[in-house]
Amino acid sequence: MKMLINVAETVVADALRGMAAAHPELTVDVERRVIVRRGAPYEGKVGLVSGGGSGHEPLHGGFVGRGMLDAACPGEVFTSPVPDQMVRAAAAVDSGAGVLFVVKNYTGDVLNFDMAAELAEDEGVQVAKVLVNDDVAVVDSLYTAGRRGTGATLFVEKLAGAAADAGAPLDRVAAVARRVNESSRSFGVALSAVTTPAKGTPTFDLPAGELELGIGIHGEPGRERRAMMTSGEIADVVVDAVVEDLRPDGPVIVLVNGMGATPLLELYGFNAEVHRALTERKVPVARTLVGNYVTSLDMAGCSVTICQVDEELLGLWDAPVSTPALRWGC
Amino acid sequence: MNDTPAPGSGIDATFVRRWLDLATTALDREADRLTELDSPIGDADHGSNMRRGFIAARTAVEQEPPETPGGVLVLVGRTLISTVGGASGPLYGTLLRKAGKELGEAETVGADRLRDALRAGVGGVAQLGGAAAGDKTMLDALLPALDALTGALDAGGSAAEVLASAASAAEEGAEATTPLRARKGRASYLGERSIGHQDPGATSAALLIGALAEAAGATGGGAA
Amino acid sequence: MKMLINVAETVVADALRGMAAAHPELTVDVERRVIVRRGAPYEGKVGLVSGGGSGHEPLHGGFVGRGMLDAACPGEVFTSPVPDQMVRAAAAVDSGAGVLFVVKNYTGDVLNFDMAAELAEDEGVQVAKVLVNDDVAVVDSLYTAGRRGTGATLFVEKLAGAAADAGAPLDRVAAVARRVNESSRSFGVALSAVTTPAKGTPTFDLPAGELELGIGIHGEPGRERRAMMTSGEIADVVVDAVVEDLRPDGPVIVLVNGMGATPLLELYGFNAEVHRALTERKVPVARTLVGNYVTSLDMAGCSVTICQVDEELLGLWDAPVSTPALRWGC
Amino acid sequence: MNDTPAPGSGIDATFVRRWLDLATTALDREADRLTELDSPIGDADHGSNMRRGFIAARTAVEQEPPETPGGVLVLVGRTLISTVGGASGPLYGTLLRKAGKELGEAETVGADRLRDALRAGVGGVAQLGGAAAGDKTMLDALLPALDALTGALDAGGSAAEVLASAASAAEEGAEATTPLRARKGRASYLGERSIGHQDPGATSAALLIGALAEAAGATGGGAA
């Protein structure tokens, strides 16, 4: 598999140099792997810090800016960052109002952010954490590490970011973040496997006529393999999965997310089917976002995340945001 | 391996540094295999994670070599935590940090203290990760190694013998993860589909214990 | 090759339905294939209309909105639209101030837009045209159809759109558009071939260890095949090609564009090398845009476009824009 | 082909509609091949372009059948312009619109007028696209067809003979594009690399002329 890289070892550092070059509104510490919103800490504002393995771009670095994250900590490809990064990020963005860690529910992320929270608190930063675990493909029971954090991360970062931007205190921002997570569900489908720079070959074999249902964002196989389906059939399966789990009784925001290599033309076509499927299931759609936002390197495929919203959450969604990858209202 | 004398009277900082060298070499050599094991049931990074961490740890130890075996282990553990990330970083970091702390300030320790250290480390892993035996994790190599070491020690074996039996137990434990269904870590997402694949973390744990035996002059577990 | 589609025949219509569902700020005529900015025509404002084959998303439909296009006409995949679409679009956005057609230089686009311009003028719309032909990979001579229009299309649409937004008359908007085109150069590289929905298999064979230099955005092979290179080496080739042709003597805006399937992580890493290469060649970079903007379906690869700017053009670049795919300042 | 009588006294709207049917069938059958030819030196859409346009044209003609051969051709040409897009839409649309206009209001025309019509159409293509013979375009099938038709007509052949010779000339012309280097259309971007591939537009042009011969009861060029 060909890649537009120098060598596998420097992929993350190279990308950070490139982010620094493209985004003067961000302070990128390439060596220590922390991306901070220029001007942070903002007086009186709760700081939002997230991070995770690289390979999901624009998540998280592309969401640093007004109305979303104050800092992001990119790990190696598909490898959670180390505590040092989050400790440094917390110190850089804490104005005294405290810091919220947005953590996707993976063993590695949880452990590293937990360690970082302890260390940051030792240094006098008040830290709250929210765990994002929206992926209904994972049967949440004693027998798994629990539901993965996927597309809902964007919703949590956006809505909690808007709350922080509006001046809400730490407990309030954390409460919004948790409510968003509880109101969100995701399900993903892969049409191709992922090739990581380190491995150089696809992580699994996916024959021509088949797809994987219930995949995550790390190139892991899903829960089930099926014969290839049409976009309409896939939308039915995916929408069923999220709607039956969330059982929304009000309007939702929908994220129709590309895994990285699926053309936008196809994603928009898929969005039409997702809307059709939601309408058939009597779920009103308040807002829609279509694009590659929570990706899995060069994987072809898509995921759908829905988040049920009330007036407050919808207002937070519509609030101004100005980051490399998500921008409106300012 | 014949040129590395058994640790005679005890285990010192030099012994632990020899272990670190051997472990780093083994992980470097086996990195692709570990990543390969992490592909069907994981995210294809375990080998590069472990190699990156141990190379950093060896560099850290070389730059400012601690004078006690515990000191070396604590430094290795801390470096892993600061350089690996993922699930294995905090878990292996905790394993070695807890083990090192258990050894305290002693300049030389016997095999029995090594057992105590391993027990403390393994306990730390179990507590941090919440996994139990049979969950298809690194613990499925570490727990049998601890048991075997304890048993061999009780039976009065030499340090080399004791560590050799720990190494074989770890290796058998790693191999025995194949038929298991994962309940922790990202392999657990796969449910039934995790069955039939050897756990990468258990495999790297066997390499680490193997390097311990090798450092003691027993035949190397580096080929786990 | 698996695709997230229903059937090849409905790919464009499905995508338009999905755009309509996602973007209430656009009026999407799915049957007649015209995407119009809601509220158009805007009193006294010159209308900007573009279009081209589908498969390059977000170009052009994703650039409809304030400060950029008033309407876009998507053709079939890789097939220029038909005149009826542009005639309808022109009628929908003309406030009496006239309409500028932004046309990429391909035989099909040129012929169809020319026919449309004649027909629209018959209907009383004043039409100006600008031809975008920035691709230095095409040797422009009597022996080719001339340089292709690629990445500079984004610059032309953005800067001319800003001029129109600021109230400039048609001849002025057209002059800005032509100046932007003349100040821009592009060069593209493919790491994989394209698979169109209609064909279902890659348009050409690209073995593992090789890449195509000088490709366009329609899955055509390039001018030359070479052994795979590092991102730094590719940046040198690409930057040499555009800089030697444009010979800029002032600051440039850079577009580091993904062809569709190259992960954003790699694109940012490539951007670092492009900046390095430009700096080494003493070309100052005023602004940078990194992302998938002028794509070629599922092609892996990238292109670089530079546009030399003066104060005026830079001001037009920084002016507010609010479209699905490009948004800032408002 | 034996059940389609030669156009006897002349060419009428029914003849042109038979041609349209045969051409549509041939393009539908050969669409994948045309797209295949458009892959190495183009953008892999010529077959679907032509199929889409001719199916739309046939539908348009069926819905409101014009009463003159010229009327049918003009409607086909207009429909191609409105439904095909790309380079081939305006070019083939112009070919047929100009040809139809040349025939005027006549209800029946002879082979000589058909030649005039083809000449007008081909002239329109050359003017619109700016290509010349040898540029590796549809003209490289159309021009030889026009020449052969003219020559056969001068030699006093029947309509069927005249069209059969046009069909073979078109087919030979299409095949002869293979060694050419493209100077127009997107194949020209490839420079030297366009050599060695048959031009898709010349190939579809041969299919259209073949259908003309077939409509006249001559052996079909549908197998071009």
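Each chain gets a letter, A, B, C and D, in the order it is written, and its residues are counted from 1.
The definition used in the following text is that a contact is a pair of C-beta atoms (placed from the backbone, for glycine too) under 8 Å apart; a residue touches a chain by one contact, two chains touch by 3 or more.
Fair warning: this is a prediction, and the values are worked out from it, not measured in the lab.
Visitor: Using only Cα atoms to place each chain's centre, name the chain farthest from chain C.
Guide: B
Visitor: Rounded to a whole Å, what is the gap between the Cα centroids of chain C and chain D?
Guide: The computed centroid separation for chain C versus chain D comes out at 33 Å.
Visitor: Taking each chain's centre as the mean of its CA atoms, how far is chain A from chain C in angstrom?
Guide: Chain centroid spacing, chain A to chain C, equals 29 Å.
Visitor: Report the inter-chain centroid distance for chain B and chain D in whole angstrom, where each centroid is the mean of the CA atoms.
Guide: From the centre of chain B to the centre of chain D is 75 Å.
Visitor: At which residue positions does chain A touch at least two other chains?
Guide: 77
Visitor: Of all possible chain pairs, which ones touch?
Guide: Those chain pairs which touch are A-B, A-C, C-D.
Visitor: In the complex formed with chain A, which residues of chain C make contact?
Guide: 1-7, 10-12, 14-22, 54-55, 57-58, 62, 77, 191-192, 208-209, 211, 228, 230-232, 234, 256, 260-273, 275, 285, 288-290, 292, 295, 297-298, 300-302, 322, 327-328, 330
Visitor: Contact residues on chain D for chain C in the complex?
Guide: Per the touch definition, chain D meets chain C at residues 35-36, 39-45, 47-49, 52, 81-91, 128-129, 181, 183-186, 188-191, 193.
Visitor: Touching residues of chain C toward chain D in the complex: what are they?
Guide: So the residues of chain C in touch with chain D come to 8, 53, 75-84, 106-108, 111-112, 115, 137-139, 142-145, 148, 194, 196, 198-199, 203-204, 216, 218-221, 223.
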